[in-house]
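Across the two complexes that follow, subunit A remains constant while its partner is subunit B and subsequently subunit C.
Coming up: the complex of A and B.
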C-alpha cells in the first residue's frame, strides 16, 4: 500500500514533467478540459432560471448532484480511469508484458502507470461548482464532512467501470468503445432520480447502483430519506470487488503479442 | 551447482481467430468466428544451473519468445510445470519478478519522452532499493555501458544501440538472480554488442547472475553461451554445451572435389548437401562420425582420379542450419 502511494506520487510528478515537454499542448488541454466541465452545471442553472427545474429538487440540490458526481468522476479520471487507455494501448502493442514484470499487484501497478494529469483541471472546476452548490444550500460543516467522506462511493464506482473496461480490453483487445458506456453511465446518474420510471429507479438503487453515486447522499441530507438507502452504496463496493476478481482472471487469457 | 530453472513438459497453445480476406468475410466473422489453435511450444523440458549463461536458439517462430514469456510469468502455460528460483512464475508472479530482470529487444521499458535516468528512478521505487545503494549501482552500470551522457537525453532522441544499453541498465538495477534477454543485441553495432557482452560476463562473474538469452546472432552465442538449447517448431532439438556443438561442427567437413574423369555417384551414408558444379567438380558435406575422411578419400580414389581436394571445417552456424532443417 505504501509503495503504491510512493509510486503514485512519483508517477504524478514524472507525468507532469513529461507533459511539460510539450508545454503549449499541456496548458491548452488543461484549460479546455476544465472549461468543458462547467457546461452541465451551467445547463442546470439555466434550466432552473427558465423553468421549475426538476420536481422536488431545488436548484442547489440539482447543482450539487451534477457537480458532486463530476467531482468523483474527475478524481477517478486523474488517478484511476487512465487504465482504460493504457490497457487498450498496451495490449494492442504487446507492451503490457513489461508492466507485468513489476513486483506488485498488476492492477495496482497499472493504476500507478496510468496517472492522467490533464484531468486535474476537471477536479478544480467540479470542486468549485460543488462549493458553490453547497453555498446555495447553506451546508453545515457536518454535511460537508459527510459529503467528503461519501465521495469514496462515486470514485469507487467510476473506477469499477474503468476496471471492467480494462478487463474487457485484455480479453478482446480492441474494445475502445466501452468507454462510451462509462460516459453514458455518468450522464444518466446526473439526473435527479424522479425523472425515471419507478422500475428504473428501483434498478438504480440496487443492481445498477447509479443512484448511490450522487442522488443518495443528497436525498439523505436534504430530503430526509431513510438511511436504508446507504445499502445501495454497499452494492458499489461489492461490484468493485467483483470487477477486481474478474480483472485478475483475465490475465490468464492474456496472450501477449508475438515478437 | 543447483538448478535455478526447471521446466517440465511445458506447452503453450494460442487460440487464434481465423480471418479471411475481404469485407464480406469480415462481416461473416462477426456472427461466427472460426478459431484455430496454434501450438507455439510443445512439451519442452530442460533445467538450468545457477550462474550459467544459456543461449536459446531457433528459427523465426520457433517458440523462443513464448518460452521466455512463460518463464517470466507473463503468459500462463497451457500445460507443464515451470519452477524458477523456487517460484511458479505465473501463480507467484508478484514475489517472483523481484528476482528476475528481463529485456525484450522489441518492447521498451523506458519512457519515450523522458530521459532514461527518470525510468531508473522508477526501478528504485519499484524494488525498494535504498537511495545510496541505488545511486552507486546506477552510476556503475552507466559507466560500464558507456552511456554517461545519453541517459540524460530523452529516450526518443537516442539511437537504437544507446537505447538498448539503457534498457539493459533498467533490467539490471535491482540485481536480479536471473536475467532473460530476448534478442538483446538486435540491430546493434559491433561496439555496442561488445559492451553488452562484456557486461553480461562481468555480471555473471561478479554476482553469479544466470542469463538466458535468445538471439539470431551466432557471435553472441560464441562469446557468451556455455550451453545452447535449440528449439524448432516448439520442441527442443538440441540441448548441450557449446563445445559439444562445436565438436559436432568439427566432425562435419565441407568438401570440394575436382576429378579427372566424370564424377562417380556421391550418394552415400554420411554425405549430404551435394552440389555438382560441373561434371568434374562438386561440393558436399561430410559427416566424419558416419564416414571417416580416410574412408571417403579411399572410396573416391578407387573410382576416379582426384585433381583437387579441399576440406574445411563446417561452421557452428552451418551445423545449426542443418539442425533446423532436419
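Coming up: the complex of A and C.
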C-alpha cells in the first residue's frame, strides 16, 4: 500500500512536469475544464430562474445535489478515472502488455499511471459551487463535517464506474466513447430522484445506487428522511468489490492486439 | 472528383470500429429520456416554460442529439495527431486543398452515423411521439439550416485546429471547442432560458446556428432575445459561414508559412 502511495505521488509530480512542457495548453485546458464543470449547476440555476423548480426541492438543495456529486466525481477524475482513457488507448495501440510487466497488481499500477492533473480545475469549481449551495442552505459545521466524511461514497462510486468502463475497454478495441456512458450515469444522478417513476427510484436506492451518491445525504440533512437510507451506500462498496473482481477476470481473457 | 476518395476512405475507417457508434444508440435516447423527466417535473406546476410545452421540449432535445451526430467532426483530433507526428506534410504534398479535403473526410465519417446513429433515433422518436411529430413546422427553413449548421461547425473546428501551427498542442483548444458546443449552441439547454442580455449576445454569435436555430425552425417557434425573425436569422447564419471559412483559410495560410514538418 505504501509503495502505491509513493508511486502515486511520483506520478502526480511527473504528470505536472509533463504538462508544464506546454504551459499555455495546460493552463488553457485547466481553465476550460473548470468552466465546463459549472454547466449542469448553471442549468439547474437557470431552470429555477424560469420555473418553480423541482417540487419539494429548494434551489439550494438542488444546487447542493449537483455540486456535491460533481465534487466526488472530480476527485475520482483526478486520481482514478484516467484508467478508462489509458486502457482504451493502450488496448488500441497494443502497448498494454508492457504495463502488465510492472511488479505490482495490474489494476493498482493502471490507476497509478492514470493521474489526470488538469482535472484538478474541476475540483476547485465543484468545491466552490458546493460552498455556495451550503451558504444558501445556511449549513451548520456538523452538516458540513458529515458531507465531507460522506464524500467517500461518490468517490468510490465514480471509481467503480471507471473500473467497469476500463474492463469493457479491454473487451472491445477502440471504445473511446465509453466515456459518454460514464457521463450519462453522472448526468442521471444529478437531479432529484423524485422526478423518475417509482420503479426507477427503487432501483436507484438499491441495485444501481445512484441515490446513495447525492440524494441520500441531502434527504437525511434537509428533508428529515430515515437514516436507514444509508444502507444504500453499502451497495456502492459491494459494487466496487465486484467491479475489481470483474476487471481481474477480464484481464485473464485479454488477448494482445492492436498496434 | 478527387475529394470523394477522402469521403470513401473515412467511411471505411468508421465501419472498422462499430462499438463506439453502437454506444450512441444507448446514450442519446437515455439523455432525451432524462430531460423528459426533468421537464415533466418542472412543468407539473405550470403549463409552459419560456414557451416550451412538454412535447416541444422533448422534440427539442431529440433534435439536439440528432444535430450533434449530424455535425460531429474529428478534424481537431486529426490535426492534433498531425502536429505530434509531423504527418501533415504528407497531405501538403498532395495536389489538393486542405479545407475541402478534411471537409469531405469528415462528411464520409458522418455517412455511417446517419445510418446507425441518426436513423434509429429518428425511428424510435417516431414510434414514441408519432411520426406526425417528425414533420418540421418550417420545413424549408429547417432543411436550409442543416448545411449551414454543418459548414459552420466544421469551419469553426477547422479554424481552431489551425492554432496548432503556433502552439503545437491542441488539447486545450479542443476543450474550448467542446465548451462552445455545450454552452453556446443550445445543446445542453435551449438558449431561450438564458437571461435576456446573454440571449442577445447568442443571437449575434455564430454558435446558435448549429443546434438551437435548426431545432427551433423545426418546432416552428424561433425566438431569441425577443427576435422571432427566422429568415433574418438564417441569413445571419449564411454570413457567419462565409466569415468563418475565410477566416479559417486565412489563418491556415499564415500557419503554413511558419510550419515545419517535425514530429515523431
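Just so it is clear, the second predicted complex is superposed on the first by the 256 of 259 C-alpha atoms of A that agree within 3 Å, B and C clash if a C-alpha of one lies under 4 Å from a C-alpha of the other, contacts with A are read in each partner's own complex, and residues count from 1 in each chain.
In this text, contacts are C-beta pairs under 8 Å (C-beta built on N, C-alpha and C of every residue); 3 or more make two chains touch, one makes a residue touch a chain.
Because the structure is a prediction, the values reported are computed rather than measured.
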In the superposed arrangement, does A:46 touch subunit B (first), subunit C (second), both or neither?
second
Identify the partner contact of A:191: answer first if only subunit B is touched, second if only subunit C is, both if each is, neither if none is.
second
Between subunit B and subunit C, whom does A:135 touch in the aligned arrangement: first, second, both, or neither?
neither
Kindly classify A:29 by the partners it touches after superposition: subunit B alone (first), subunit C alone (second), both, or neither?
second
Check whether A:5 is in contact with subunit B, with subunit C, with both or with neither, and answer first, second, both or neither.
neither
Check the contacts made with subunit A and report whether subunit B or subunit C touches more of its residues.
C
Residues on subunit A engaged by subunit B in the complex (per definition of touch):
3, 6-7, 10-11, 14, 17-18, 21, 93-95, 97-98, 100-106, 251-252, 254-256, 258-259
For the complex, give me every residue of subunit A touching subunit C.
22, 24-29, 32-33, 35-36, 39-40, 43, 46-47, 49-55, 172-178, 180-181, 184, 187-188, 191-192, 194-196
Residue positions on subunit B within touch of subunit A in the complex are 14-15, 61, 65, 69, 72-76, 93-95, 97-98, 100, 102, 104, 106-109, 111, 113-114, 118, 121-122, 125-128, 154, 182
Show which residues of subunit C lie in contact with subunit A when the two form their complex.
17, 19-21, 23-24, 26-27, 30-31, 34, 37-38, 40-46, 49-50, 167-173, 175-176, 178-179, 182-183, 188-189, 193-195
